[in-house]
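There are two complexes below, and they share subunit A, which is joined by subunit B in the first and by subunit C in the second.
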Partner chain A sequence: MANSVDSAQTSSPSVPTSAPATQQSTDMSSQPPSQPSSTGASKPAKQPKQPKANAPAAGPGEEKLTGAELKKKAKAEKVARRAREKAERETTGGAGAGPANPTSAKKGVAGAGAGGKDVPGQQAQKGQKHRRGSNSQPSATEQKKKQEDKSVAVFGHLYGQPRRTTIAGAGKEVHPAVLALGLQMRDYVVCGSSARCVATLLAFKRVIEAYTTPLGTSLSRHLTTHLSHQITYLSTCRPLSITQGNAIRALKLAIASIDPSVPEASAKATLSDFIDSFIREKITVADQVIAASAAQKVQDGDVIVTFAGSSIVKQTLLTAYKQGKKFRVSIIDSRPLFEGKNLARTLANAGLEVQYSLVNGISHAIKDATKVFLGAHAMTSNGRLYSRVGTALVAMSAKERAGGVEVPVIVCCETVKFTDRVALDSIVVNEIADADELVPSEPQQQVTGLFDPVAAAAAAQPDPKKGNSKTAAASAPADTTPAPDASPLSNWKDTANLQLLNIMYDVTPAEYVDMVVTEMGSLPPSAVPIVHRMSTNL
Partner chain B sequence: MASTTSAPSEASKPFDIVATYNELLRSDPDLTMPIAAIEALVLLLTHSPSSTISETLDLLEKSTTHLKKSIPNPIGLSAGTDLFQRYLITTLQRPGQLGPAGDFNAIRAHLLSNGRLFIRRAKESRDKIAAFGRGFIRDGSTVLTNGGSRVVASLLQKAADEKGGPFAVRFRVIYVLSPAKDSSAEPEGMETVRALREKGVPVATVPESAVAYALGKADIVIVGAEGVVENGGIVSRMGTYQIGLLAKAMSKPFYVVAESHKFVRLYPLGQYDLPIEQRVIDFDTEEDITDGAKSQSVAHSSDVVDFTPPHLISALITDSGVLTPSAVSEELIKIWF
Partner chain C sequence: MPSTSVALTPGLASFLKSLKTNPIDTSIDNLISLLKRRQIRHSRSCATATAYLLLRVISACRTTDAAKLIERVQSVGRRLVAAQPREMVVGNIVRRVLGLIRDEAEDDREADFNLSEAGSESQPQTPRVPDDHSDSLSGRFEGSDRSSSRPPLSQPAPITMFSLLSHPEPEASLPGTPASASPSGKMLGHTPSKDIRAEVLEGVNEIIDELGQVDDQIAAYALDHIHSNEIILTHTSSTTVQKFLLKAAAKRKFTVIHAESYPNNHEATHATVSGNSTGDDEILSTESFQKPLIALGITVILIPDSAVFALMSRVNKVILGTHSVLANGGLVASAGTRVIARAAKVHQTPVVVVSGVYKLSPVYPFDFDSLIEYGDAGKVIGYEDGDLVDQIDVQNPLYDYVPAELIDLYITNLGGHAPSYLYRIVSDHYRKEDINF
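What follows is the complex of A and B.
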């Protein structure tokens, strides 16, 4: 959901920026689990990212091993070998991947069989058998054995390439502005579909400004391919949002419609004007219109529930507040992005009455709600809302509130977020983020955690009721973690039978949405395809 | 004309839009609120000496707001005024002779003639609706209806008129009557009941409290509407919502008959989200004996309206076809963009 660019960048103290930072360091050393199909290359846990060309070739490689595929496989194995050698040279930075852990390695054997539901994964193991047998070094065998498939089977198709972690390997065509933006999007510094769309367009404007048509081609023909490099790079950092896709489509159409005889300078000026007006019409002004019309639905005495941090909902609530309406806001937030924290701070600073709770407290937060305002990542053609994971839960809680009056659910959404795609569930189309984001836990302000649990229990003996519950809470994590400060999940990749899923979006059924406020008016969700058709044909 | 405080040039011609509107409604019992509003605005333009486009639009704007303010329930009316305003703007924006560059007098003449044409067409739409809706009344069925809707009346009479033809149907009507404002007058809808009985249609009249009791005998429910809102719900006389709820609970089809000029650009989220002040629920700690007039003005079912949400409605029978509730927004978008 849409943290606007400015607010997201000023959010230094909040968790969203700090969480990716820690995760980035682990990514550097340990390979993300999401490569079930990469053949011999995926054996060692410690290994830098593979060359990009390898992954797409690996998929079909398992099905039928033609000569070319075998060749590729051999190549991949070579790469893996080299990587392993490199990893062995620098064994110092082992982040959580303890090779000398006999229990986890033993379990890993069973886990590999159980977790290897993916056929390619098993075949890949078969392919490696001879190498495993020959290799008698204990640490290497263990590393191979614990190559349990860490991707959740239902969402297996969503694990593409892991997100890019460096700008290394990016083509020389990629503009520095795009390089920077890619990493910012990856780290959620630029987050929210509107913000990402605007940032992409602004970066592309700089690309176009810096662009010169090579000899022998025309701008309208060549610029599109030049942009494609940038787009490919961006999509390796994080999958493109619907808004980005829509904006890129519009931009490409504008490029293609430029007459080849137009001089380059004026063509570039036209394009940068196009980008400016696209941002203004589809997002900036649209947001103002939406905020104004959605604010009309806020009445005195309302308790408005919202989920995570949508920039358009923020604008709406601030507009309503400026109109002098008296209402309360209840922000529901969720891990790991905590987008609602920013919203809570902004609204509270503006003077609104804000209540902040996490999504696990939804049943309490929804009790006194009178309206629900939601942001959107996209609206699909069957009227469903595709938004930050947890949105569907909030909408459902509002509509199915036991014994209560129905609470209207209002979605604020620019028409640039409409797509002609259809979403029946949140499994087919979704985005999976790095599961490591789920691992870091909040610093615990635990008094009892400082002591030895036995000693603490002994100390708490006079007051058994209170003491027992406290020590139980304290000792539970202490059992599973080696270090008291680390998260119990910190070495989840080496723990057998444990899979982490960090899904980004979910789909809210159209029946749970009462109204979609767009810049073209308020619509029922069923009218989304009509408006989408009109706004793209205009 | 629009209001007493408006420009002095308007004061020279004493054209009262509110009086005209009320007079139009009184003189023609077949006239609906949006059409009366459009007719009043056309009359206003005929009387006004405005000579530029912006002046005309300004005058229209002012009169519309004045009219809306002085009518207790402007929902139905606003459908007409919005439509007229929209039509005016699109006409003026069109390039060519009648566009902004053209001769204004020609534009005005064109507007007026077209406005009249629109009114005539709107009146004809009732026949169209009757043609569409007749198929919904099956032979041997029982129809439950309420209120004094003229479209429903014309639909039922049309169905009753088919005697001996291939489409002849025999049907019965349960008419839900609410008591009239003053006890001496007959309740609204009595006229239709009489007309139907004259045509040989058996009609039973029941009070509003007997809807749930009577619904078991009915096969379909047909109601009229004051306004059809954007999400496909209807704003209609008080009591329609409960009929809709009961019909849903008993799974009887619930049809709404409305002309397409009753489509309003309005999106109520619930009963209390209508842009009008209704004093239906009035909490009091003591009985109000002295103010007899007040208690009568409050909450009379022919004055106040409720909102029937789209999920209770099976279909809307309009002059542009039989629509599902979700198709209403499509129609509205077509008009507005």
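What follows is the complex of A and C.
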């Protein structure tokens, strides 16, 4: 990993002659100052808010100073500028916390621990500045105030920039395929960490195919920056998954290791092949291997409990079913995504016997369970399972049911989902989704809305007839109901002291997990860090 | 269906209204059908309806013979319980009323005996212990000191020291429990008449009063259990829990995390949390006008049920409402309670259950499954997913059985109890012969 950092940074555009130098080149002073105009041109365009005062200050200093001094100076200037910007923003409307939080959050997710995170981190920050510039200032600050009011204090560190709602304001470098993917990820059309990883890689493949190296730079140096714009955009749509982070890191490593002398066409072909083989090895084939070995764990007469809709669990169950095993599947699902519905539909269409219940039915579903299969978003280095929120409840119920016999909990997980991050509880690492998803939505109301005219008529009728006080009291609420037709939560943002929390993941303690089935074999959760090291040091 | 309830949606309000006008048998049938159709749902509504019905039954039963009265109440009770065996509150109220009649009958007999004896002594004020009193005398006698502090009842009976002492409270409440919370629905002033019905009716009225006050009595303990800056997790829209929290909120600032209990109670929970009440006619109107916690400056965080485990590490206390409490200390509460209690246990977070004594039922759960009621599967998968409904088995359990070891404390209107102590309260409240009536 270490060499990826260096190469990534050296290959990043580095030492433009004017203002961006202060931000960019902290360690690149040894590079020749002559730089292609294309990068130089794009940079100032991206940073309209850059204070102009810096440019003349940096300009004359550049010639005389040595590398180390230049570095120091640049750093000092950066700090000063940040402070000034922060002060500015605070005076405009108390949005001062804004820039610090998203960067760190983004760094955390995108970088996922390895040193390579610096580049995306910085890029992310730049991208946000750009967007903020495009917004109208007062409305943005107003929204921010509200947002802060509504953020749950314990999870304060996880509230970043609200998710991007449109593609407006996306950088012009962002490829259309990535633009589309970003929105699909935001809307959970592409959902699940494997799917997001594959989709990202495929989109990046198209980005690379469409890429031409600008004059005067080499592919291995410039492509990383170019990809960083895409990554930044994706992470503003939805924080990157662990798999995405791992895949991006591998891809950057591959880019950096391309010899600059290799012609562009063949370099692009190499990268295409790399992406294809990464998807094949780490996900497609890995899934098949996992499904085959996990399916062996299924026996006739089993009752398999699973939570939400994991693609790998689906594949496992279908494989086992194809092998002619007779078993029953009990799916536990949760608000607000209802991912288990799709799993239930697929399995039922395939002919399996499926039982479906929500989180409130966990203890009933687990009662006659013989095995629990869980998917993963990631496995942390301390052996804990980081997965869709609610997974921990299922695993816990399996381990502690009153009958005495523990139900084995088997996690199906590709090694690409392993991370070297650690988490003790679900608060340290998590993703906060839009809380509005918890407000019962319109389509559901429409179905019941059919009754509304009848109900309203029924409520209206008794009113004139009844003079009794009791009836009046009883019918009074009935009269008020049609007015707030939607859920009582519909204007929760205007209700003081009311907060909605919609977290995406939780962390299951390692002691609830009996076995992790990976493409490298079945392991105990304690083996995760070892396997992770093996697979990243290849 | 009686004509009066046509205009109203069937429920507690319409039932109570129709009770006054309808013949008694119609009312019984009415309640049975309401129970069967689950148009009366909440434990307290069921209890209130049962109590009022029994009041009617007893007042309509023109007999002075206690045995006949018991028989009549038993037969009605059996029918009600058979209508909805999982609604244990109905059985509890019937048992309480039966116990009441038995006590009155016994007292009556004793009074006759004592009076004839006292007449010969011609000094009724002599404090005396009736030696011929039944077996558990020592326990019962304790209650008699306190009975004088109870609020005087409307009946203008001559209350003498004699009558106080010679008719001690049959259901000995424990020393230290507030007198007002005494569960016995018995009146003090005893006229040596043969008509025990009036006294029983008085007792039933006291039960009804108790049902009305129970939440406030429980809430009185709130400040002992909720302290500043605590994070409390709760579940469902239980009014008992809400009142408990509201009472504490008047004095202290804390945070409430509210799991929404989708799909069976989420609408009511959302309404409770946001204070925008929806027209739920089962919750009586006074409660729907109750202020929400957020109006008192309490931060309320609404979460989906799935996030309980994730947040439990930050929770100081879990406060749960319940559907009914069983004699072994376990409870039957709305579905999802069990995982919450378990998650709390895993995180070493205390679990407090608030419940009126009327929910305490003398049933030992030998077969957990029989206690669980299943609800409308359409709430889990709506009918817009028709293809799924066809193919898969959708389950929507309404209740969970929560074993006693997951509960740390019960708070009833009598105070706080350990789960292992509940059997004592059961034996205080129900007579042995009524447990299987």
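Basically, the second predicted complex is superposed on the first by the 345 of 538 C-alpha atoms of A that agree within 3 Å, B and C clash if a C-alpha of one lies under 4 Å from a C-alpha of the other, contacts with A are read in each partner's own complex, and residues count from 1 in each chain.
What we mean here is this: a residue touches a chain if its C-beta (ideal position, glycine included) is under 8 Å from a C-beta of that chain, and two chains touch if they have at least 3 such contacts.
This is a predicted model, so every value here is computed, not measured.
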item	value
Touched partner set for A:A392, first subunit B, second subunit C, both or neither	second
First (subunit B), second (subunit C), both or neither touched by A:M515	first
Of subunit B and subunit C, the chain that contacts the larger number of subunit A residues	C
First (subunit B), second (subunit C), both or neither touched by A:D506	second
Partner chain(s) touched by A:K326 [first = subunit B, second = subunit C, both, neither]	neither
Touched partner set for A:P524, first subunit B, second subunit C, both or neither	first
Shared subunit A contacts, counted only where both subunit B and subunit C touch the same residue	none
Of subunit B, residues touching subunit A in the complex	230-232, 265, 267, 269-270, 273, 310, 325-326, 329-330, 333, 336-337
Complex contact set, residues of subunit A against subunit B	297, 371, 406, 408, 410, 514-515, 520-524, 526-527, 530-531, 534
List of subunit C residues in touch with subunit A within their complex	7-9, 13-14, 16-17, 260-264, 266-267, 270-271, 273-281, 285, 288, 293-295, 297-311, 313-314, 334-336, 338-339, 342-343, 346, 372, 380-385, 387-388, 391-397, 400, 403
Residue ranges of subunit A in contact with subunit C within the complex	152, 154, 334-336, 341, 344-345, 348-349, 353-365, 388-390, 392-393, 396-397, 400, 402, 425-427, 430, 438, 440, 443-444, 447, 458, 461-462, 465-466, 468, 470-471, 473-474, 476-481, 484, 487-489, 492, 495-503, 505-507
